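Each chain carries a letter (A, B, C, D and E) given by its place in the written order, and its residues are counted from 1.
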Amino acid sequence: MAKLKFVKRTSNKIGLPPGTLVHIGEKKIDKVRIRIIDYDDQQLTEKEVQNIEECFPFKDEPTVTWINIDGLHDVGLIEKIGTWFDIHPLVLEDIVHTGQRPKLHEFDDYLYIVLKMLYYDDTEAEVRDEQFSLILGKNYVITFQERVGDVFEPVRERIRSGKIRVRKRKADYLAYALIDAVVDNYFAVLEKLGEKIESSEEHLLNNPTPAKLQTIHSLKRVLISLRKSVWPLREVISSMERSETSLIDGSTAVYLKDVYDHAIQVIDTIESFRDFVSGMLDIYLSSLSNKMNEVMKVLTMIATIFIPLTFIAGVYGMNFAHMPELEWYWSYPVIWGIMIILVVGMLAYFKRKKWM
Amino acid sequence: MAKLKFVKRTSNKIGLPPGTLVHIGEKKIDKVRIRIIDYDDQQLTEKEVQNIEECFPFKDEPTVTWINIDGLHDVGLIEKIGTWFDIHPLVLEDIVHTGQRPKLHEFDDYLYIVLKMLYYDDTEAEVRDEQFSLILGKNYVITFQERVGDVFEPVRERIRSGKIRVRKRKADYLAYALIDAVVDNYFAVLEKLGEKIESSEEHLLNNPTPAKLQTIHSLKRVLISLRKSVWPLREVISSMERSETSLIDGSTAVYLKDVYDHAIQVIDTIESFRDFVSGMLDIYLSSLSNKMNEVMKVLTMIATIFIPLTFIAGVYGMNFAHMPELEWYWSYPVIWGIMIILVVGMLAYFKRKKWM
Amino acid sequence: MAKLKFVKRTSNKIGLPPGTLVHIGEKKIDKVRIRIIDYDDQQLTEKEVQNIEECFPFKDEPTVTWINIDGLHDVGLIEKIGTWFDIHPLVLEDIVHTGQRPKLHEFDDYLYIVLKMLYYDDTEAEVRDEQFSLILGKNYVITFQERVGDVFEPVRERIRSGKIRVRKRKADYLAYALIDAVVDNYFAVLEKLGEKIESSEEHLLNNPTPAKLQTIHSLKRVLISLRKSVWPLREVISSMERSETSLIDGSTAVYLKDVYDHAIQVIDTIESFRDFVSGMLDIYLSSLSNKMNEVMKVLTMIATIFIPLTFIAGVYGMNFAHMPELEWYWSYPVIWGIMIILVVGMLAYFKRKKWM
Amino acid sequence: MAKLKFVKRTSNKIGLPPGTLVHIGEKKIDKVRIRIIDYDDQQLTEKEVQNIEECFPFKDEPTVTWINIDGLHDVGLIEKIGTWFDIHPLVLEDIVHTGQRPKLHEFDDYLYIVLKMLYYDDTEAEVRDEQFSLILGKNYVITFQERVGDVFEPVRERIRSGKIRVRKRKADYLAYALIDAVVDNYFAVLEKLGEKIESSEEHLLNNPTPAKLQTIHSLKRVLISLRKSVWPLREVISSMERSETSLIDGSTAVYLKDVYDHAIQVIDTIESFRDFVSGMLDIYLSSLSNKMNEVMKVLTMIATIFIPLTFIAGVYGMNFAHMPELEWYWSYPVIWGIMIILVVGMLAYFKRKKWM
Amino acid sequence: MAKLKFVKRTSNKIGLPPGTLVHIGEKKIDKVRIRIIDYDDQQLTEKEVQNIEECFPFKDEPTVTWINIDGLHDVGLIEKIGTWFDIHPLVLEDIVHTGQRPKLHEFDDYLYIVLKMLYYDDTEAEVRDEQFSLILGKNYVITFQERVGDVFEPVRERIRSGKIRVRKRKADYLAYALIDAVVDNYFAVLEKLGEKIESSEEHLLNNPTPAKLQTIHSLKRVLISLRKSVWPLREVISSMERSETSLIDGSTAVYLKDVYDHAIQVIDTIESFRDFVSGMLDIYLSSLSNKMNEVMKVLTMIATIFIPLTFIAGVYGMNFAHMPELEWYWSYPVIWGIMIILVVGMLAYFKRKKWM
């Protein structure tokens, strides 16, 4: 069952001055991995580096540089990046504190964007999230993920292939392409979740077991937390689009509008799922009533048929000295006749009432 | 039962660069069909062409040209149109990706509008949708549909007849006329849906079978998805009306306002249907309770009448050696008398309680 | 029971060019009736005319002219008015198409206002509506109603009496007075509906029959459709008030504000009624449960008292050869004693449980 | 039970020209009472007058004059005030028509404010309201109440005492002080209502009688009507604060902001009460289910224990000629043994199921 | 159970002039405690003073001064501060009246901020609040709390340590740090509340006792009142951020934005908790139905099996003189055979129905 993970355990953080880097969240990877891709339309460098310092020279190159950090627990490293690229301490704090709402903060020299990457965990039928931070500077993009493995491989492929648009454009287009990849992935997650919902619904009407109720509620909860992750996205992207920063080129705006449309579609789909799952709850509850009705009908029919018959049998089981019927020869078969007529009458009554 | 088709299967699309044309959606037609109508108030040309290139010369004519494409799977063709008419790649991508929300994108030289055409499928009591894209340029309108067969025949008739307004006006009026035809068709769909709802409601109170519940829920779902298709329309049309583009003439605005009113009416009607269908659910559930009450009353009456009588019979079926009543001559008829009085008393009690 | 009249049957309209006059709605009157009142503070002319052409000369008079048309099916007549007074074809179309939402359209030379007149139909406990269109020009007001008989008699009286404000003021004040009369009438309708609701609620708790549920639902539906008729009114009047047209004088604005207040009060009252009727549904449902509880208690008490007694009687009805109690002299009275004690104990238990 | 007093009976008003003074509402007092207080920081005059004309000379004095009218049925008097102080006829109409929503109307020379004064009626556990109208002019405040007795005594005391702020300030501060007194009184009403709600909730769980349901619903209704009275207040006060009229001094704005905060608090509290009362309904309904469960358990236990025993007794009450058990010597005690074991087994089963 | 403490008892306050200092709220501390910290980046003074007058000289020092008052009942002291620092009487009134909604009032020389400090009371599983007022002047911050003991110790530590940012910055940063500490503490409270909710949910499905319902409702209530405390916070902080006062430096805005993000997260979490707790209510109610179903099934199975058997036994308990079966030798075992077959048949039927 989905647990209440609404609150990240932050107790160990309380009281520290703002801007103190403390990694809040599961440590999902052992060693931080740093990858760097540097390109313009002429050339491309891609490598994995051991020391973050190797990335620093790229800062002032006119080429587009994408530094990707997998793993957030090495706060020293994050701090070095912060110092070199002149990032505000509060931004660094948010990067390592995985519990941020999706948001956009604008600074003079860079934009800071936080998103959630979502993964559908098939085995537990749950949606897991990972915090994805992106810093967009003049000629560079720095991204921070909680662990190795992401949804950006296609973007890397496009950069490597060198044929297409991304290589001709600036860092803002790279940032767009990454955000687009994140949002595209939401559709994949929703597709799987939709299948799960559909399969949960089948047989619900016929077999409303308590376990089904559990499933409905855990789906509901997944949808609530999805909504929390996705809803602010809309605001983030539309702020980027409307932003007056010189970091985002006018020609990128139409691409952002496209991502915005996708974000709205994701939100719409989540809302539809919520409506759908509420409907499942209604079906569950009324199926319970239906089953109860059915049980009660069986009880009532049995009781209604046999209780009067038992009474008749009881009457002729009495031991009064003077009960003339007892002596009559045809009494016994007549009584059986009466009882059979009674049963047939009852059954006809139930038929008419549509209980059978 | 209505299936969960909220998410278009897009998995094969994920990771492709933005602007890549991949047809997402069912292939509803074998061969793409291209029709062209070109007119001004003096002359009219209407033909079906085999190669899209035949349409290209019309681009710079001062006459109004309407190019209609039925079938979206031939992405090469779409790409050619895109190149010739200078359409943004993202627009082309949206045209072939049938899962768009209704929307309006404004560009310098053209407007891009996406709507849903709705059809009521009588046999399965479902509403099907089809994506309709419209590009409004200076002197031309290009429309894209998923399959042959649409709601625009009356518009074509009006163009052909040549008597009326449409021939005297520009491409913006043609675009309006097409959108108006789409929205008018919504009323026809709602009419049929309303009939379905009404017929579903009858007898609901008397006969709350589980199948009825299924029907209520599939109506609910149809309404949810209708709402998703129609709600954004309002925004689309009002953006067109307020738009400062030179592509839309001031005198067309009053017509757009009229379509806007219709869109609001459609939305209002859908909301009323939703309220109505929720009411049906309440009736369903309380009918279940009513039936249960009725069943319980029968059981209780039978049990209340016969259980005490059976007890009395049981008492005089005991085999004690010394039970003086057993020997008395009038005991048996007296007991019958007592039992009849008991029954009459019970019935009177039930009458007073209004159980009968 | 209130029918689903949310959608006006418009199928025969679909596909016609915009601005085509087709009367949509019931034909509620045989012959169109045209009445004209023309006045200024000095003089007054009131007459019923046969030909609409008789009204035309008043168009350019400086006096205030009120032309009232009862009956919408004579589209030729409407068209003539449209031509003479230079009304936009879409407005004429809306006038004869009785399914409009209340709205205000501003044109350079006139305002077009649509409202709903409501009537409470006592016999069927339903609220009926009639479309009321008003065109406010420089010196004239033209009104269109579906049938003879309206709520404007008091306004006419005030014009005739000549003593009061209305005669000294312009056409905009007349338009205000008519709208005010329509809104005032809503209060009368709500008063009657309130009485109906109150009388429906009585005894609901004691006697929750399915018929009561039907009543609750038809009240709910009436309120939904009322809301649809009245809600947009607020917007209409506030648009008039804020309008920058020269057709409405500054001194009339305070009167419009007053009507606006009334419209808000009407909406508030409808919302309160809705809350109230929802409450009735809750009461209905919990009364059902209460009744069920009561039935179950009777069953349980009877069964709990007599089933053990019957068992005891059954024990001593057994035919074992060696049952010493059967032979004892006091057995029979002792058994009766035991049984009476049992019954008294049970009753005490039920008393304590507050079941009796 | 709280009655549906949502609609004031206004039938006798319909059709009258706007601005006609008709007193709508209960006549709560016999004779209209007129009190006048006139002060500046130097002097104070307070008297009760018989003729409204005695108040007129104060109009142009530079001192602050507060004219208070208790009783609204003397429309002649209201009309005289209207003429002398040059009040718009629609304002006069609203003053005597007690069914106004709280509102603020701004005129060039005065502001017109309507509020509701609330009283908690202990005996019927209901909240009654009274319409309070206030006209704020340059140097005067005129207030209209439905009856003698109000919440303004403390304000009068402060004026009389002469020590404090109110005497040094203008009419706008007096208006503020009166509104503040009205809003303060809401807290007193809410306090009493809160006590009523709390006392209604106790024992609800143990004893869900239908009368309790009635109470819950009448509380709900009281809260709905309270909300209607208080909700618009927020808008009224914030309009006053933001108003650009010269009638309100800048230094009074901070006081109005304070009242605004109080109004928000009142609204918040009403919302909390509504949530609370909805919760009570949930408790009521689930208590019903609980009771039903308990009744059913008793029935089931009794039936489950005794029906099998009765069957066993019945078997050995059969009269077959050849039933060997009947003759055995120990049969009877053995049967008793079996029955006792059965009962113990059943009880253990119920224990395990937690039914006992 | 959580009590209805929505309304602070204010009856003794009603009628007093605005700006009168009356302490409303529990007196949570005996003696007021005054602490003062004065610092700039060079030096630091920290002491506890007996007389408020000792604080006054700091007012015009260029150093940052933080005066903290624990205990609100000594209104004389509050008044002295008010006079010396020139605080508006209404602000003083709000400081001692503990029932304020979180809010921000801007004055020329200072800002007044009210927040709620929350504490989770483990023993009663309740959330308690305490009113925290903060006055931010040019070089000073004055804070008022209801009792000794707060969440600001870490802030004091940071000031004392002298190494970090806070010492280099102005009073606005101190105010920020205090607000940040309050909001940070909300996360700790939510964490504990989340644990309580989770532990309440376990076993709910298996054991829906009325006590559980009580718990759910008191959780609901706690969440309602939390929401009331936290919701306005968002507005308060965003007003500070957007404020044009010279009291807040531009460089502090980014810190306020950070607190704003936290406030949104707190609100989001509360909403999620509310959704979660509603879900618990659904589970509770459907578990009740489930239990009832189970009880009914047991009853029905017992009755359905034994009532027909008892009837058969009854038939052969009749005393008719002529019942041929009674004499047959194998009758008795045959009857047993029939009865066993009946039982097996029934059980098979129940199995098929999935009742067992």
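Here, a residue touches a chain if its C-beta (ideal position, glycine included) is under 8 Å from a C-beta of that chain, and two chains touch if they have at least 3 such contacts.
Bear in mind the structure is a predicted one, so any value in this text is a computation, not a measurement.
Chains that count as touching both chain A and chain D, per the definition above, are E.
Centre-to-centre spacing of chain A and chain C amounts to 42 Å, using the average Cα coordinate of each chain. Per-chain Cα centroids separate chain C from chain D by 26 Å.
Residue positions 289, 292, 296, 299, 303, 307, 310, 314, 317-319, 323 of chain E are each in touch with at least two other chains.
Chain contacts here close into one cycle, and each chain has exactly two touching partners. Ring order, beginning with chain D and continuing to chain E: D, E, A, B, C.
Those residues of chain B that touch chain C in the complex are listed here as 153-154, 157-158, 164-166, 177, 180-181, 184-185, 187-188, 190-191, 194, 197-198, 205, 254-255, 257-258, 261, 264-265, 268-269, 272-273, 275-276, 279, 282-283, 286-287, 289-290, 292-293, 296-297, 299-300, 303-304, 307-308, 310-311, 314-315, 317-323, 354-355.
Residue ranges on chain D touching chain C, taken from their complex, read 3-4, 6-7, 9-11, 13-19, 88, 90, 94, 99-101, 103, 105, 207, 210, 213-214, 217, 220-221, 224-225, 228, 281, 284-285, 288-289, 291-292, 295-296, 298-299, 302-303, 306-307, 309-310, 313-314, 316-319, 323, 325-329, 331-332, 335.
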